[in-house]
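Let me give you the structure first, and then I'll get to my questions.
Naming follows writing order (A, B, C and D), and every chain is counted from residue 1.
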Amino acid sequence: MATRWRRRVGLGLLGSLGIIGAVCAQSSTTDTGRPATGDALVVGSIGDASRLLPILATDSASGEIVGLLFNGLLKYDEHLHVAADLAQSWDVSPDGLTITFHLRPNVRWHDGQPVTADDVRFTYDKLIDPNVKTPFSSSYELVDGVDVLDPLTIRVRYKEPFAPALESWMMGIIPKHALEHEDLNTTKLLRHPIGTGPYTLAKWKTGELIALAANPNYFEHRPYLDRYLYRIIPDEATLFLELLTGGVDLSGLTPLQYARQANTPFVEREYQRFRYPSFGFTYIGYNLQDPRFSDARVREAIDRAVDKQAILNGILFGLGAVATGPYPKESWAYDPSVQPLPPDRDEARRLLAEAGWTDHDGDGWLDKDGQPFRFTLITNQGNDVRKQVAELVQQQLKGVGIQVDIKIIEWSTFVHEFIDKRRFEAVLLAWSLARDPDLYDLFHSSKTKEGEYNFCGYANPEVDRLLVEGRRTFDQTKRQDIYRQVHRILAHDRPYTFLYVADALPIIHRRIRNVVSSPIGIGYNMIDWYVPPGEQRYRSRPTLQQ
Amino acid sequence: MDRSVMPLLQLDSLTVEYRGDGEVVRAVDDVTLSVETGESLAIVGESGSGKTTLALAVTRLIQPPGSVVAGRALFEGRDLFALRADELRRVRGGRISYVFQDPATSLNPVLTVGEQLSEAIELHTDRRAERARAYGVELLERVGIRAAPQRYDAYPHELSGGMRQRVMIAMAIATRPKLLIADEPTTALDVTVQVQILRLLVELQRDLGLSMLLITHDLTIVERTCARVAVMYAGRLVEEGAVADVFANPAHPYTRGLLACRPAWGAVGRQLSTMPGQSPDLAKLPPGCAFVPRCPLVEPRCRERLPTLDTTAEGRRVRCVKPFSKPGA
Amino acid sequence: MKNRVAWVALGTIAMLAIVASLAPWIAPYDPLETRIVDALLPPSAAHWLGTDQLGRDVLSRLLYGTRISLTIGLLSVSVAVVLGTFIGAIAGFFGGWVDSVLMRLVDTLLSVPLMFLLLAIVAMDPAQQLLALAGWPVIGPSVKLLFRWIDPRIMVLMIAIGAMSWMGVARLVRAEIMTLKEREFVLAARVAGASPWRILTRHLIPNAMAPVLVSATLGVGGAILTESVLSYLGLGVMPPTPSWGNMLNEGRVALGVAWWLTMSPGLCILLTVLAFNLAGEGIREWIDR
Amino acid sequence: MTRYLLNRVLGLIPILLWITVLSFGIIHLAPGKPTDTGAGFNPKVSLEARQRLEKLYGLDQPLHRQYARWLGQLARLDFGRSFLDDRPVIEKIGERLPVTLTINVLSLALVLLIAIPLGALAALRPHSLFDRATTVGVFIGYSMPSFWLALMCMAVFGVQLHWLPISGLHALDADSMGWLARQLDAAKHLILPVFVAAFVSLAGLSRFARSSMLEVLRQDYIRTARAKGLSESRVVFHHGLRNALLPIITILGLSIPDLIGGSVISETIFSIPGMGRLFYEAVMARDYPVIMALVTIGAVLTLLGNLLADLAYAWADPRIRVGQAAS
C-alpha cells in the first residue's frame, strides 16, 4: 500500500511492477521468429481503475491503464534514463530555470486530431487549476509559466531550479480539443478516454474487466497483441487459482506464491517467472518526540536487535535485499559503502543499558525508572507480508527484552487518526518511490505538519541543506554526491530502521514472446510482445472499438 | 361369527401409550368396549381421562409420540389396526367419521368450506367436481345452513361457531358413514347453539341410521342423546351400562361423584362443578385403583391391586371392589 | 432432553471449554514463538498439525485460538445480552413513549448495514477509549481490572460484535416482558407494594430469560463466525494472538502449498459453531416442551 | 385500504429521516477522511493539495450544513457523485445492482426450493434420522466461514476438476459467442457463487419451515384432514404446507432489503462486481455519498419490506384478507 505513487513510465504495466535494474530475470523469451499480430494479454489485478485521465488517476489501477492510453512528454527508458516520448527532444537551460520541449511531429490522438503544444499547455493549466480535483499540483508549484512557442515547441519556466522537474513531465498529456469545454472532474472522458498511447479503451465493465484494443496508428508502431484485458480479481488467493487454470496470463505474485506455489511442474511449463527489485523500502519509523526513541542509542540497539536477513529469508523467501538506507542498490544515489549492521543482541543490550534500560525487576523485560520498555508498533490492514514482519520483529525484540504490541489499523483510520495526528510510537510501513532520489518531502524538517510525510519528526540541518541542494542541481554526478551523503547520514541517524527492499515478482504466460527484463522491469517494450500464430489463444475482434 | 350379530365396533383391550422424556404415559389402558349398529354410546370422564385418545385410537389417528401398544379394534368384522394404510384411509372419513371439539380450529383456515367439504366427497364417493359441489351444497342445507351456495365458497372464519360446527357435521356425514365419533362436539359453543347442534346430531343419527360414539364430560348431554354410557377414569374404563340405569344407580364411586356434581338441565352457569381432589398424574399412577386418593370408600385392598372390570348381574360393568356402595352406608 | 444431537453438541462445547482453559498446559509449543527454519512444515510427529509461515506450531496456536475464539463468542454475547435485556426490559416494562423511542432506535440500527457499524466501531477502537478512563476515580480501577482480565486486542471485537447484536435480544425481552407484566404473580407483587425496579429485576427479567438463553447460545456461534469474517477483511484479532478466524485467513493465501493451515481452523470453526447451534436448538425444544 | 396504505407510508418518513441523520453522523464521526485514500500518503501530494480537495468536496463545511445539502439533493432524488470517481452515485449502483440481484434472487429461489421441502419433511418425523441429518446438514452450511467454503469449492470444481470457471461473470471471449453459448457461459459462472450463497443460508429458512410445519401439524384441522381419510401427503402438502408457508411470506418480505445487499466476502472471492464490494470499497474509501445512498436505499427497502410483508401476509391469509376489506 505505502504510497500510491505511480510512475507513468513507459507502459502501464510498469506502474505496478515499477523496477530498476533487472537483476535476475530467470529466463527470457527473446525473439526467435517474426512477430505476429493477434491474441490478447490477460492481466490480473486486485483493484479496478476509477478515472482514466492522467491528472486525476490517483489509484494504481487507473495509473496502469492510463499509462497504456496516454503518453507523457518524457519517459524512462529501460535503463532508467530519461527518454523521449511525446517530446522527441528537450533542452534544459544552463541555469536550470527553463526547459524547452520539442514535440514529435505527426502524433495523433485516438480520434485523429493532431497532438500540439496547446495540449501540453492545457494539461499544465488543468494541473494547477484549483477547481480540478487533481492531487498532483504540487510538482508544478515551482513552474513560473508555460509558453507555447510554436505548435510543436513548448517552454517551461521555473522560479528556481528543480531537478525532479523532468520526471514531473512524464505526466500524461490530455487532449485540449476534447476537454476544453468540459468539467474535468465529471467529464465522460474519464470513462471514455481519448489518448495517444498504444492502446485504446474498448470496453470497461466496472469491477470486472477493462478491455483495451491495439491502436493501429500508434506513433512507434502498432502493438502486436490485439487486446490487453485487465481483469479485476480482488482476492489474492483467487488470483492465483486463476493463474493455475489459465484464466490470467500476467500477474504479480506474493513471495509465498512465487517461492512455494509457483514452482509446480504445471506453472513451470506454462509460465515464465520474473524477479527484480521494486523501487521502495520497508521500514520501522519512530515517533522521535518519544523520549525513548529520541535516544539514538535506543534506535541503534533496535537496529541491531532486528535480524533483517531473517525477515527477508523467512517472510520474503529471500526475494529481496536488506536495506541500508532509502535507496535500493540499483539506484545511482545508493552509497555502497554503507553496510548493513550485523544483528548483535549483546551489543543491542549493551546500548540499551547505556541508555538506562536494563531489567531491574527481573521480569524479563527491560525497564527504566520503573517503566517497562513496551511500545505499540502500528501498521496498516490489508498487507499480510507486513503483518508477518511485525510479528517477527516483535519476537526479535522480545529477545532483547523489549515488549512490542502490534496494532493493525484500517488504512483511512491509520493515516488520518494515527499518522497525521502523530498518535503512534512506532510504525511499520513502506515507501515506494519515484526514480528520482529526491527525499525532500520525507526527511526535510519543514515537512512535519499534520498531513505531511516527515511524520517521525526527523530534523537534521545538514540533511535539510543537502535535500534543498539536491533539488536545485541538475548535474547527475553532483547530485549523486549529495544523495549518497544523505544516504550515509540517514543510515547513521536512523530515524527509520530500514528493513528491506522487496522484489517485484511477476509471472507471465510462456506463449507471450519477447518479454525482456531490464532495469525498469518487463513492461517497457510491451508493444513488441507477441504470440506466434500457432499458439494464439483468444480470437481477435477487430470491431471491438466502441 | 355372523356379521349381523357382531357389534359395529368392538374394541378389545385397547391400550395407548405416550412416550416422552423417559416416561411412559398410558393414556388408555386395556379398554374393551363395543358399539352396536344404530346405537349411540357416550364416553364420559374428566379431561385427561383418555376419552379423546380412545376416540382417536379407533382409526389410528394417534400421532407420535403416542401409539397403540395393544388391543384390537374390530370394525364391521375387520381389525382396523391390521389394515394397510390405504385400506384404513378408506374407513376413516368413509365408514367412520369424526366431529371434533372446536370448529374454529378444526377447519383449515386457508381453504374454503367447499374445498374442505368436496375433498371428503371426492375421496370417498364417485362424485367429482360439479356433482361434488351440488352434493356439498345439499349437505350444507341438510345440516341447517341457510344460503348454502354462498357459504360453500366462504372461508371458515366468515362463519359463526355454530355454523362451523354444522360444516364439520356436514363433512362427517358426507360419506354416509356407519359410525360417527363426536368428540365434545358442543363444548366450544354457546349454550343456545349447543342445543341446536345436539338436536341436529340426534336427528341425523336417527334419520341416517348412524351409530354414534359421543365423547363428553357433560352428563346432561349424555342423558339427552345416548342409550349407553361408559365412564373412564385415568385411562381405564370404570363403569359401563345403560344410561338410565347408570344415572339412576351409579355403581362406581367416581360415577356417583360425577352425577352428584351435575347441575340441572338448562341451569345457568352449567359448568361441571368439580369433585374434590385432582385428576391423577398418569405417569405416576398408584399400583391399585387410580381413584383411591379421591375415593370416599377406600379400603386397604383398593391400594394393593387394580380392581377388575366385572360384569354385574344387571349387565353393568364396573371396576370397583364394592360396587353400588354409598359413602356412609 | 431426549435430543441426542443436542447432548453431543453440549458435550463438544464442554470439551472446547476444557481445552481452552488447559491450553497453556497441553499446548506442545509456545504459540507465539517463531522459528523460521521450521516454516510451513506439513503435519508430522513433532508438529501434529504442521507449522505456519513463521514456523509456529499450528496445534498450539489452535489450542490457544480456542481460548480467544470462545472468549470472543461468549463475551460478545454477554455484551449483547446485558445491553439487549436492559433496553428490552425497560421498553417492555414502561411502554409508552419510552418504548417507542427505544424500539425506533432498534429499528434504525437494524436498517443501518451492520458491516458499516462494525467497521466504524472497530475503527474507533472502543477499548482505547475505555482505557482512557483508567485514570478516573471510580471507573478507573474497574476499567483496569477489566483489562487485567481481557486482552484489549479482543475487547474491541467483543464490544463491536456485542454492540451489533443486542437488538434481537432487546426485541425478545421486550415481547416477553410485555406478556409477563400482565400475569397474576406480577400483579400480586405490584399490589403488595413492590417497587417497579424490584418487579422488573426479581419477577420479570428472570422469567423472560428462557428465550434469551436460546438466542445467546446461537449468538455465540454467530460471534465466532463474525470474527472469522472480520479476519478476512483484516479487522479481526490483532496478531500475533491466534484466533481461529485469523489463522484461517492467514492460511487462505497459502491454500495451495499448505492445506493444513486452513483445514484445522476451518474445521474448528465449523464444529464449534455447529455445536452451539445444535445446542441452542436443543435448548429451544427443551424449553418449548 | 388506500388510506391505510397512505398512512403507513407517510409514517415511514420520519423514521427514514432519523435513520439518515443517524447514519450521516456515524459515517462522518468514523475516523478517516475521503481524501486519505485517493490522495493520501503520497509524497507528491502536498498538504495544500489535500486541503484543496476537501474544499472541493465540501468537507470543510460544518456537519449539519453538509447534511442539509445532502438532504436537499435527496429531495430531488439525487444521490450526488461518488468521491472516488466523480460518477453519479445512482449510475454506480445501477451498474452493480443487476449482478447482485441476479445472484440473490437465484440463491433465494434455490434456498426456497431446498429449505422448505427439507424443513417440512423433517417436521413430519421430528427426531427421526432424517430430521437429525437435515438439521446437522443445514447447520453445517451455516457454520462454515463462507470464504473457506468458497475457496474450497473453487479449488475442487475449478482447479482440480475443471468443471466450472473460478471467478468473474463472463468468459473473456464471451463477446464472440452466440447468444445461447453466452447464456450458458454466464450460468456456469453463477453456479458457484449462487451455490455458496444458498448453502450458507439454508439453515435459517429450513429451520423456520420445520418449526412452522411442526406448529401447523399440531393443529386441529390437520387432525380433521386425517380423520377425513386423506392420504398423508395430501394432509401434509395441501393442508399443512399452505398454512406453514404463511409466516414464510413475512420472512420473504423482511428479506427484501437483503436482495440488494451483496456479500463482500463472496463477491471478493469470486471477483463479482456487486453491491457488497461497492459498499465495502465505499466504506474503506470513506466515499460518503455512496455510503449514504446505500444506507438510505437499504433503509427504504427495509421499511417497505416490512410493509410489504404485512400486505403479502394479508393477501395470503384469508382471515386477514377479508377482515381488512371489511374494516
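The criterion applied here is as follows: a residue touches a chain if its C-beta (ideal position, glycine included) is under 8 Å from a C-beta of that chain, and two chains touch if they have at least 3 such contacts.
Values in this document were obtained by computation on a predicted structure and should not be read as measured data.
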Distance in touch steps, counted as few as possible, from subunit C out to subunit D: 1
Between B-D and A-D, the pair joined by more C-beta contacts: A-D
Subunit B and subunit D, separation of their C-alpha mean positions in angstrom: 52
Approximate Å spacing (C-alpha centroids) for the pair subunit A, subunit B: 89
Separation of subunit A from subunit D, taking each centre as the mean of its C-alpha atoms, in whole Å: 39
Residue list for subunit D, restricted to those that touch at least two other chains: 30-32, 151, 155
Of all residues in subunit B, the ones touching two or more other chains: none
Residues of subunit A engaged with two or more neighbouring chains: 237, 241, 244, 410, 412-413
Subunit D-facing residues of subunit C, complex: 2-5, 104, 107-108, 110-113, 115-117, 119-120, 123-124, 221, 225, 228-229, 232-233, 245, 248-249, 252, 255-256, 262, 266, 269-274, 277-278, 281
Touching residues on subunit B, where the partner in the complex is subunit D: 56, 59, 61, 63-64, 85-86, 89-94, 97-98, 100-102, 105-111, 116, 119-120, 123-124, 155, 157-158, 168, 171
Residues of subunit A touching subunit C in the complex: 236-237, 240-241, 244, 254, 256-257, 260-261, 310, 313-315, 381-382, 384, 387-388, 390-392, 394-395, 405-410, 412-413
Subunit D to subunit C touching residues, read off their complex: 15, 18-19, 22-23, 26-27, 29-32, 127, 132, 135-136, 139-140, 142-148, 151, 155, 203, 207, 257, 261, 264-265, 279-280, 283, 291, 294-295, 298-299, 302-303
Contact footprint of subunit D on subunit A as seen in their complex: 2-5, 40, 42, 48, 50-51, 58-59, 130-131, 133-139, 141, 185-186, 190-191, 205-209, 229, 231-235, 237-238, 241-242, 244-245, 247, 410-413, 415-417, 419, 431, 433-434, 441-442, 449-453, 538-539, 541, 544
